Each structure stands twice: as structure tokens, then as C-alpha cells.
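Presented sequentially are two complexes of chain A, the first with chain B as partner and the second with chain C.
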Partner chain A sequence: MKIVITGHKTGLGEYVSDAMVAQGHTVNGYSRSTGYDINDPDVRDTILLENLDADLFFNNAYGRMQNIEFDDIPEHWKRGENGQLNLLKQFCDAWKGRTDKYILHSGSKIVYKNMQKSKQVKTYRLDKMDCTTLIKTYIGLGPNICDFSMGMFDTPMADIWPDFFIRGEVEDYGQQLVMFIDNKETIWPREAVFDNPGRKEYGPYEISQMEGSL
Partner chain B sequence: MAKVLVTGHLSGIGKYIYNACIASGHTVKGVDILDSTPWNVSVPEDRDWLVEQYSNYDVLVNNAYELNVYERTCGQNELLKLFLDAWAGTNKYIMSIGSTAGLKTPQRDLRLKKYSLDKQRHTKIIKAWKKTKPNGPNVCNFNMGFYVKPADEARTHLLGDSITSDYITQLDRADMSDFGDYVINILEDRESIWVDEIYVDLPDQDENRAKFIKDFGIE
Partner chain C sequence: MKILMIDDTTPLNMALKDAFIQKGWDITVAGTDLNDSQSILDTLKLADDVDFCLNNKYTMQDGIKNEVHGQAKLSEIFLDKWDRNSVKYIINMIDMCALIEPEDWSGSKQYRSDNVMFNAITTVFNARAEGPNLCNAYMDRDDMIEAHVKLFTHVIENSKRVWPSQLILNKPLGVSA
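What follows is the complex of A and B.
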């Protein structure tokens, strides 16, 4: 199987990439650290054109959060260029009607929680919501899409968040994704919302701490 | 090892989960309307008894469902609400079995319509609970498509011997064990990662669903 993964050099993308390579699959990985910034339209076109014949696209890279301190003025967070959303749409369009293709999208559970007081978080949430909304419009049109929403886990991207947020483990989320991929021909999740047990909805304490710090 | 309570453990996916939990070494209690001492999810006294007897358990698999077109409510949803209240603020786990049928409502078959509405209500109850009382228990809203029972089990009587039931048996459906294995995986990993909500079905199912939607006037 040929798999294309964005953000394959860190965190969840790296975990899934390594697991798929270990299983003998062909993995085409694209990361900012290897010269592929999905916020660049030319890069997105390259990724798409090089992988039209792929079987599965793991739309993992978010693209807007690297190297941003939590307290930074959110100039980098302006709405408009959401690389993950645009790349998702390009693959959905290119694979329209192709029920033999699969797209796993890295979403966030934050979609289900409104945090209006944090501009950074609000932007992140809106970006992820846009992706979730887009996926819903493509349900039934082929390819098979899974909106995989996650809670916070221990990955470099999570470093910008305050320490009081409890992190899950990359392996735990990664194993779920690998299971989805392994079973994709017999059963497929169109939507899945994961989180760390025992800390629902980020917890009132965490929200109050975060909003109080801004 | 956990103490696991399974409703509807003598057939279908409830039986699969029940047996898998036993094989994993958990302490498992099953209740079923087909049991020698019948337990009926639709009877309020039976539901109350279950909460009283097993609120000290760790995991509830809320699987038993009985279709009743003459009641607005359904037993499975009422039992869910009882356990949500009994386990409020705890770190216990509820695996509640929903259906992708809850995504759309068929208009042409009364029984299927009621089934769909019950499963929609099931999702609404869980979402409302999480919104107002987010600190436990951990609830998984596990929604699956139609599945094929093992050959040695009787055909589902959920929708009765109806045209709809015959129609559904003609659809492509997943193997029950595929869904069951997902449930077991979620339960086994519950202390490290938890699924709040999931919709699973066959791949390519949407084409099937489109035909189903058209044929049954689903809106």
C-alpha cells in the first residue's frame, strides 16, 4: 500500500510513518523540516501530484503552530491560510468518487469546546472546525474519510500549551490510527473522538487556569 | 482486572463482548431477557434493580435494546441516564451501543423510524451529559452500521419479520466480530486512551447508504 503522510518527522505522524514502514508499506512523507511547508500552495500541489495514485492520505500536519510561544501576539494566527484544510480539500476533490481511497484527518477535540478568551486557541479551533465541516460535505462522495479528533498528547506541538494541560501518549493515539489503517478494508470509522480518560473537556480547572493567564 | 456489567449478553454483539471480557480475565456479569432469570431493559423495576446491584462495578456495556413503537422513550436510554446519575463524578466507564441509523431518520417504516429516533436520543443524552457534567463517568457513544451475526445465532428480531428486515439482510454488512473487536480494544485501553464518540461502518458503505436512504425515504 502507498501512504502519504504530512508531518511525518515528529509526533503522531512519525509514529504512524514508522509503523507503516515496518509493515512494509511505501510511505511518502512530507514535513516542514524536509522542505515541505503545507501553507505554501506550490508545496501542496507537489504533494498531491506526486501521490494521486496513493491508497491512503494521512492529513496530519497542521502547519500554523510551529515556533510560536504561547504568549506571542497572534499575528501568525490570522485566518486565511489553513494549509491542512486546503490540502484536505485538494485530496478530497482529486479522489472524488474513489471509494477505494482513504483519508485519515488529524482533527482535535477542541472543536467541541468553545474557548473564546484565548485568541490562539480560538484560531486553532476554528481551523480544525473548518476541516470537520469540510469532511461532512464530502461524506458519501468517496473517498472514505475519517475525522480523527484527539485530545492533547505529548508531542512537540503541545509544548506551546501551559503545563497544567494533561497530555496523553503519542503511542496510544498512534496505535488507534494504525488499527484503523490495518482494518480499513473490513471496517472504517467515519468519525472518532478520542481523549485521555478521566479528564473530560479539558477540565474546568484547566480552562480557568488558561483563561486566567491571558 | 475490572468488574464489567453487560446488558443483552446472550446474543449478538453483547454476547461477543461478554465472552471476550471473560476471556480477558475480567469479572463479568451479564443480564438478558433470554436468561433463565429474565432481565428486561424495558421494565423500570429491572433497570432500578440493576443500578442498585451493580453500581459498584467499573464498566457498563449498555447494549440491550428493545424496540417499542408505542413508547416515546426506550429502556436502553433510560438505563443510560440512571447509570450516568449513579456514576456522576467517578472515573468509571460506560460503553453505550448506538447506531449509525441515528444519523438519519427513515420515514417509511415505523419500526425503523422509532429505532433511528431512539439512537438519535441516545446520542443527545450523552452529549447533554458531557456538556453539563463533564467530570465523569467516561462515556463512549459507539455507533455502528448493520452487521452480520454469526451463522449459529438466530436472525435478528429487532425489526421483526418485516420487509425492512428482509431488505437489511440484503445489504452489504460488516462482520459482527469486527465491531466487537473495536469495542474490546477500547475497553482494554481505557486507562490510557478513551473514545468519546465513534461512527464505524463498512468502507464504501456510503453508496449502500445512499440506496438505503432513497428506498426508505430517509430525511
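What follows is the complex of A and C.
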């Protein structure tokens, strides 16, 4: 099987990439550290054109947030400009009606929450919501898409979000993703919403907000 | 793992029980009569002795409309019993028809109505931030048995590390029954 993975050099992307290579699959990986920034339209075109014949696309890299301070979000980060969303759109369009193609999308459980958070978190939530909305329009059409929503876990991106409790490890979620890929011929969850058990996910930021509202 | 299964008589439930036993897990089968309120309440007596409740039985109640059906009642009383208990787990097996528009559903209206109501009740619960850990699994219970068994076994096995609050378990497009 030929698999495309964005963000394959760190965190979840690296875990899944390593697991797939170990199983003998061909992995084409694209990461910022290897010169592929998915916020660049030319890079996205390259990724798509090099992988039209792939079997599965793991839309993992988010594309924003690196080394950006809170409340210092660039103006050009407007809604709809997100690299992950646009790459998802491009693969969905290219593979429209193809029931033999699979897209595994790294979503976020934050889509299902509505809590007061920083400007940066709101931007992140809107981006992930846009991806989830797009995926819903492809239900039953092809390609097979799984919106895999996750809670907060220990990944490099989490370093810049100190206001959250980090509950999980990369391998916790990675193992689930690998299981889904392994079983894709028999069962394919169109939505999977995962978090770490206990769900005590309020961090100092949320608690201060809640206390402030009392 | 100490697992309470409400039923072990359908092909899927039998296969799940066999797989769980092979894992060495401690299985209790309630055999609840979902048409009998007392039987549902009696099932709760087993709650203290288990970590998981696999709410895997549906019984259609003929002639009863717009009332919470037995499977949903069972879920409600376990959610209440295990309120704020983050080491308890409930898996609700809900038919995929709960997510299908009425005009696209050719099966029993009562069956769809029951599952829609079940979905609504448990989705409200899932918005809460504390335990128990609830998983709503939307599925076709009569299909993909081997794949379902593999998936649920994996989910339960990893339950202390990661837990799905929602799984919509489709068959891949283009794959026939």
C-alpha cells in the first residue's frame, strides 16, 4: 500500500509512518523540516500530484502554530487559509467518487467543545471545525474519509499550549490509527472521537475562566 | 477487566463474549429483560462488581411510542449510578439508523425512533466533562462481526490510556455485504 503522510517527522505522523514502514508499506512523507510547508499552495500541489496513485492519505500536519506567541497570530491566517484544510479539499476533489481511496484526517475533540479560550485556541478550533464540516459533505460519496478527533496529548505542538493538561501519549492515539488502517478493508469509521479516560481536561486557563465567570 | 454484557445471544454478542474470555477477562452476562422495568433495575445490582457495561441488547417494545426504550433506560441508570466515576466505562451499541434521515430509512419506524431517542439522550450526556467514560458506537450489529470484535477488543484493552466517546463504524464504500 502507498501512504502519504504530512508531518511525518514528529509526533503522531512519525509514529504512524514508522509503523507503516515496519509493515512493509511505502510511505511518502512531507514535513516542514524536510522543506514542505503545507501553507504554501505550490507545496500542496506538489504533494497532491506526486501521490494521486496513493491508497491512503494521512492528513496529519496542521500547518499553523509553530513558534507563534499567544495573541500574536498573523493577519494572513484568515479562516479558510489553513494548510491542512486546503490539502484535505484538494485530495477530496482529486479522489471524488473513488471508493478505493482512503483519507485519515487528524481532527480535534475541541470541535465538540465551546469553552472560552485564547484567540489562538479559537483559531485552531475554527480550522478543525471547517475540516470536519468538509468531511461531512463527502459521506457516502468516496473517498472513504475518517475524521479522527483527539484530545490533548504529548506532541511537539502541545509545547506552545501550556494552559492545557497533557493527558495522553503519542502512542495512545497512534495505536488506534494503525488499527484503523490495518482494518480498512472491513471497517472504516467515518467519525471517531477519542480522548484520554477520566476526561478531567480542564487546565488552568479554563479554570480561571470559569472562576472569573462566577 | 470485569465486563458486564447485557446480552450474549446474537452472533455479534456471542463472538464478543468468546473474544473477551480468550483475553482472560471476567465476563458477567446480565440477560436483562428490557421490557421489564424491574429486570432493568435488577441489572444495576451488578454495577459495583464490574468496570465496564456493554449495553448491547435492543428489544422492540410493540405498541409503545415516544417512550424511552429499555436499552436507553439501562444506559440512563448506569450513567446515574456511575456519575462522576472516571474509572467506569459504558459502551452503548446504537444502530446506525439513528444517524439516517427518515426518508432514507426503509426499516421499522419504531426501531429508528428508538435509536434516535437513545442517541439524543446519550449525546447530551457526552457533553459533560466528568465520568463515567461513555462510548456511543453507531453500527450495524448484524454485519462485519469479525471486524467489530477486533475493534471493541482493542478499544477495551486500551481503555485506561485512550477512550472513544463516539465511533461511527461504517463499512468501507464499495464493499458489499
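Here is the rule we use: the second predicted complex is superposed on the first by the 182 of 214 C-alpha atoms of A that agree within 3 Å, B and C clash if a C-alpha of one lies under 4 Å from a C-alpha of the other, contacts with A are read in each partner's own complex, and residues count from 1 in each chain.
Everything that follows uses one rule, which is that a contact is a pair of C-beta atoms (placed from the backbone, for glycine too) under 8 Å apart; a residue touches a chain by one contact, two chains touch by 3 or more.
Here the structure is a predicted model, which means the values were calculated and not measured.
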Superposed partners chain B and chain C on chain A - clash or fit: clash
Touching partner for A:Y173 - first (chain B), second (chain C), both, neither: both
Partner chain(s) touched by A:E191 [first = chain B, second = chain C, both, neither]: both
Shared chain A surface residues [contacts with chain B and with chain C]: 99-100, 102, 109, 140-142, 144, 168-169, 172-173, 175-176, 179, 183-198, 200-201
Residue ranges of chain B in contact with chain A within the complex: 91, 93, 130, 134-136, 138, 174-175, 178-179, 182, 185, 189-207, 209-210
Contact set on chain C toward chain A in their complex: 86-87, 89, 127, 129-131, 133, 144, 146-148, 150-151, 154, 158-175
Chain A to chain C touching residues, read off their complex: 99-100, 102, 109, 112, 140-144, 168-169, 172-173, 175-176, 179, 183-202
Touching residues on chain A, where the partner in the complex is chain B: 99-100, 102, 109, 139-142, 144, 168-169, 172-173, 175-176, 179, 183-198, 200-201, 203-204
